[in-house]
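So, here come the structures, one by one.
In what follows, chain A forms one complex with chain B and a second complex with chain C.
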Partner chain A sequence: MRVTRASNAARIAAVLGLIGLVVLALGPYWAGRADMRLMSEIFLYLALASLWNLMAGYAGLVSVGQQAFVGFGGYMLFALTIFGGLSPVVAIGGAAVLGALIAVPVAVLIFRLRGAYFAIGTWVMAEVFRLTFAQVSSLGGGSGSSLPVNIVRSMANGRAAREALSYWLALGIAVVVIAAVYLFLRSRQGLALTAIRDNELAAGSLGIDIWRTKFVVYIVTAGLTSMVGALIFLQKLRISPDAAFSVNDWTAFVIFIVVIGGIGTLEGPIIGTLIFFALRETLADLGSVYLLILGAVAIVIMLKAPKGVWGLIRARYDLELFPLSYRVHTDKKEG
Partner chain B sequence: MDWVNAVVQGTLLGGLYALFAAGLSLIFGIMRLVNIAHGDLIVLGSYLGLVVVTATGMHPLVALIVAVPVMAVLGYVLQRGILNQTLGDDLLPPLLVTFGLSVIIQNALLEGFTADPQKMNAGAIETASVSVGGLQLGVLPLLTFAIAVGVIAALQWMFYNTALGRAFRAVSDNQEIAQLMGLNRRHVFGLAMGLALAVTAIAGIFLGIRTSFDPAAGAGRLIYGFEAVIIGGLGNLWGTLAGGVILGVSQTLGAKIDPGYQILAGHIAFLVVLAVRPQGLFPRVSG
Partner chain C sequence: MPDPLLSLSALDAHYGDFQALYGVDMTLMQGEVLAIIGANGAGKTTLMRSISGLSQNAPNQITYINQPIGALRADQVAGLGIALVPEGRQLFPSLSVEENLLIGERMGRKGPWSLQAVFDLFPILEERRAVASTSLSGGQQQMVAIGRALMANPDLILFDEISLGLAPVIIKSIYDALPGIVGSGMSAMIVEQDISKALSVSDRLYCLQEGRVALEGASQGVSREAISAAYFGVGS
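Let's turn to the complex of A and B:
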C-alpha cells in the first residue's frame, strides 16, 4: 500500500500549465493591444478570486468587503508614487505591505463578529475606507484623481513597453497568488486550515490555534489583495472612491466566479474566471440583464450544485489538478 | 440649543433605522438567517409604494394598505421557494443566495425604473412641523418614530402573547423538537419572512417619503439596519430601536461637525460599540 499526493492527471496538468504559462508570458509578442488588456483583466480577477476562495473556501471567512483592500491598494499606489516619489513597481510592493498592516486592526475588530455578521462587518469596514478616502482632498476627495503623466512615463520607454510591463505584472501576480495559495495549503498552516474547515471543534481540540490561523490568512489575503488593487489602478490610471471601493466590481463578481467555478478548490477560481469572462464577453451588451442572469446562475448553482462546476467534474472523474489531498493506492500483487 | 436639536433630530431619524433593522432582527432571531438582500427588499418596498401611488393616485401612507400585504406574500413565497433550501449548518448557502438575490433585485429595478432617483410625494405632511420647547419637530419624522415604536411593540406582543409568537420562539429554540411537536418549520419560517417583509414594506414607504431613492440604495439601508441590530444586541427588538437611535444621533452629530462626516460618524459609533462591547448593548441571544 502506498500513499501519494501526486497523480498522473496532476503531472500532466503541471506540464500543460507550464507550457501555457510560457505561451502567456510571450503574450506581448503575439497578442494585440485589446487582447492583452482583456487578458490582464482576467489575470487580476483570477488573483482576486483565488484569494477570496482561500478565505471563504478554506478559512471560513466569508467577506463581502474585500473591496476595502482593492481600493486601499489602489490609493496607496497613487499616494506612494505622487507623494513618496517611488516608482510604480516599488509602490505596488509598498501597497501590499501597507495593506497587510492596516488589516491588523481591522481584523482585531471584525473578528468579534461571527458568520454572516462577519460578512456585513467587512462591508462596513469597506464603507469606512471609502468615506475616509473621499475626505482626503490631496488625492482628489470624492471625485478622485489621475496618475500624473510623468509617473506613468517613468515605468518604461514607450507605450508598447509600458503595456507589456503591466501585462507581465498582471500575469505575475496571478501566478504568485496561485502559487502562494497552493504552497500555503500544502504547508503545516495549510493542514491546520483544512482541519478547521472540516471540523472547527475537532481542530481546536487537537491544539490548533483557530483564531491565529484565521488571522494569518486574513492578513496575508489583505496584503495580496491590496497588491492586486494597486495593479488594477495602475492599469486604469485613474482612481475615485466609488470605483476603488465598488462592492459589485471587486466583491460580487469575485464571489460569482468562485461559486460558479467551485468553492474550496484551487481549480474552481480558474474555471470560474474563464466562465465569467466567457459570459461577460457574450452577454455584456445586455447591460443589467446580464447581471440578472449572473445572479440567477449563482443562486441555481448554490442550491443545485454547491461545489460548482469543478465540483461536478471532480465528483464524476475524481480529478485533482493541484495535488493537495492524499491518495491511497493498494498494490494488488501483495494482497 | 443647536446640539440639543441635533440629538432630537437624530433620535427621530433613529426611528427610521429601527424600521430598517426590525425585519433583519426578526428573521435572525427566528431562523439565524442573515439576509444580504434586506436593503434591496426595503428599496423594493419603496418602488412598490411608488407604483401604487402613481397608478391609483392615493396618498403614500394609504398605499401601505396595498404594499404591506404584497410584500408579506412575497416574503412567504421567497422563503418557501428558495430560502428554506439554504438553511442548515453551513453558513455559505444562505449568504450567497441572498447575495445573488440582492444583485437580481437591484438590476431588475434598474431595468424597470432606470437609475434616476425617485421620490414619493406625501403633500403637506412632509413640511409640517410642531414647535416643542423651542425646537421645530417635523411631523413626518415624529410619525416615523411613533410607527417604529408601534411596530416593535406589536412584534414584541406578538412574540410573547400569541400562538404564532409561540411557534416562532419554539423553532428558534430548537427546530427538531418544534417539528416533533407538530410545527411545520418550513411554514413557520415562511410566516416569519412574510412578517419581516411586511415591516420592510413600512420601512420602504417611509424611506421613499423622506428621501429620494434609486435601485442602488439598498446597500446603505442594509448596513444601517445591520449596525442598529449589532449596537442594540442580537435578538432584542427594543435593543434594535435603541441601536437605531444611537446610529441616528451619531449621524446628526457628525453632520453637525462637518456634513461630510455624517455617515462616517455612524459607522464609527458602530465600530466603537464593537470594540468595547462586541455583544451589543442589550444582548439576548448569542450569535
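Let's turn to the complex of A and C:
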C-alpha cells in the first residue's frame, strides 16, 4: 500500500497546464487585439474567483463586499500614478499593499459579525467605500476620471507593446493568485485552515487560533483583490465610483463562477470562469434574457449539483488536478 | 498543602439559554486523576467545554496554576497545556491519521509525546497512518483523538465520554493504555458513564447531578450506595 498526493491525472494536468501557459504567454504573437482583451478579462475574473473561493470555500468567510477592494485597488492605481508619480506597474504593487492595510481595520470591525450578518456587513463596507470615493473631488468625485494620456504612454512604446504588457500582467496575476492559493493550502497554515473547515470546535481546542487564521486569509485576499482591481482599471483606463464598486460585476458574477464551478476546490473557479465566459460570449446579445439564463443556470446547479460542475466530475471520475488531498493505492486486497 | 493545578470556584455555566452548572467547586492536584461521573444532562460535557475554553465564563471561576483562565478562548487554554479529547472524537475528515496527529503538535510544547511515542502507545495507528481518518473504526478514531491531544504535550488532559459508543474490547484496550499516559505525571480528568471503570483508574471522583456536585471523595473510599444516591438523587 502506498500513499501519495499526486495522481497520474495531476501529473498530466501539470504538464498540459505548463504547455497551455506557454501558449498563453505567447498570446501577443498569435492572438488578435479583441481576443487578447477577452483573454485578459478571463484571467482577471479567474483571479477574482480563486480569491473569493479561498475566502468563502476554505475559510468560510462569505463576503459579498469584495467590490470594496476591487474598487479601492482601482482608485489607488489612479491616485498613485496621478499624484504619486509612480509608474503604473509599480502602482499595481502599491495598490496591493494599501488594500491589505485598509483591510485590517475593516476586518477588525466585520469579524464581530457571523454568517449572514457578516455577509451584509461586508456589503455595507463596500458601500461606505463607494460613497467615500464619490466625495474625493480630485479623483473626479461622483463622475470619475480618466487615466492621463502621458501615464498610459509611459507604460510602453506604442499601442501594441502596451496591450501586450497589460495582457501579460493579467496572465501573470492569474498565475500568481492560483499558485499562492495552492501553496498556502499545502502549508502548515493550510493544514490549520482545512482543520477549521472540517471541525471548528476540535481545531480551537487543539490550539489553532481560528480568529487569526481567518484574519490572515481575509487580509491576503483583500491585498490580492486590490491588485486585480488595479489591473482591471488599468485596462479600462477610466474609473468611476459606480463602476469601481459594482456589486454585480465584481461580486455577483464571481460568486456565480465559484458556485457553478465548485466551491472549496481549486479547479472549480477555473471551470466556472470558462463556463461563465462561454455563456456570456454566446448569449450577451440577448440583453436581460442573458441575465435570466445566468440565474436559471445558477439555480439548477445549486439544486442538482451543490458541489458544482467540478464536484460532479470529481465524484464520477475521482479526479484531482491540483494534488491537495492524499490518496491510497492498494497493491493487494486488504484483509 | 500545595496549590492545586486546576481549581473551579462557584462555576456557573450555560448551554444556550439553559443553565447547566450551578456553583461548581472542584480542585485537581498535580498528577491527580479525577473521574467525573453523572447521569445524562448532569453537566459533564458543559464542564469540559468550560475548562477547555469552548464556552466562556467569568475569569476567576476557573484558575489554572494560579492564573484565571475562565474567560480565555479555546486556543489560548490549549496553549497553557490543557488538551481535550472531545466527545465523539471530532477528527478532521479530510486529513489523514498522521495529519490529524500533527495538528496536535502545533503548540510546540516540549515533552515526552511525539508521533513515534503515540505510535508506540497505539501501534495500529502507525500501520494506518496514511489513511483518511474517517475510514477507521470508532475505537481507532478514539485512539487518534487521544493521540492528537497527547501530541500537544499537555500538563492536563481532559477525556470527555472516553468510552461512549465503543465496543467492550476496544474500551479495554483504551483503559490498558491509560496508565502509560498518566503514569508520566500528567494530570487527567475522565468523564465516564461506566462507574466501575471510572473508579478503577482514578484517584478521586466527583459525581454531578443536575449541574451541582452531589458527591466527592477518594475513588477507593466511597461506597456504592453513596454513589447511587448521588447519581440518581434518591435516598437521603
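Assume the second predicted complex is superposed on the first by the 332 of 335 C-alpha atoms of A that agree within 3 Å, B and C clash if a C-alpha of one lies under 4 Å from a C-alpha of the other, contacts with A are read in each partner's own complex, and residues count from 1 in each chain.
We take it that contacts are C-beta pairs under 8 Å (C-beta built on N, C-alpha and C of every residue); 3 or more make two chains touch, one makes a residue touch a chain.
The structure displayed is predicted, hence computed values, not measured ones.
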item	value
Clash-or-fit label for the pair chain B, chain C on chain A	fit
Chain B versus chain C as contact partner of A:192, first or second or both or neither	second
Superposition-derived angle with apex at the Cα centre of chain A and sides reaching chain B and chain C, degrees in steps of 10	80
First, second, both or neither for A:201, with chain B first and chain C second	second
First, second, both or neither for A:259, with chain B first and chain C second	first
Which of chain B and chain C A:210 touches, first, second, both or neither	second
Lowest inter-chain C-alpha distance for chain C and chain B in the superposed arrangement, angstrom	9
Chain A partner contacts - residues on chain C that touch it in the complex	52-54, 73-75, 77-79, 83-84, 86, 90-96, 99, 102-104, 106-107, 130-132, 148-149, 152
List of chain A residues in touch with chain B within their complex	56, 60, 62, 64, 109-110, 112-117, 119-121, 123-124, 127-128, 131-132, 134-135, 247-248, 252, 255-256, 259, 263, 288-289, 291-292, 294-296, 298-299, 302-303, 306
Chain A partner contacts - residues on chain B that touch it in the complex	33-34, 36, 82, 85-86, 91-97, 99-104, 106-108, 110-111, 219, 222-223, 226-227, 230, 260-261, 263-264, 267-268, 270-271, 274-275, 278, 287
Interface residues, chain A side, partner chain C - complex	1, 3, 188, 191-192, 194-195, 197-199, 201-211, 325-326, 328
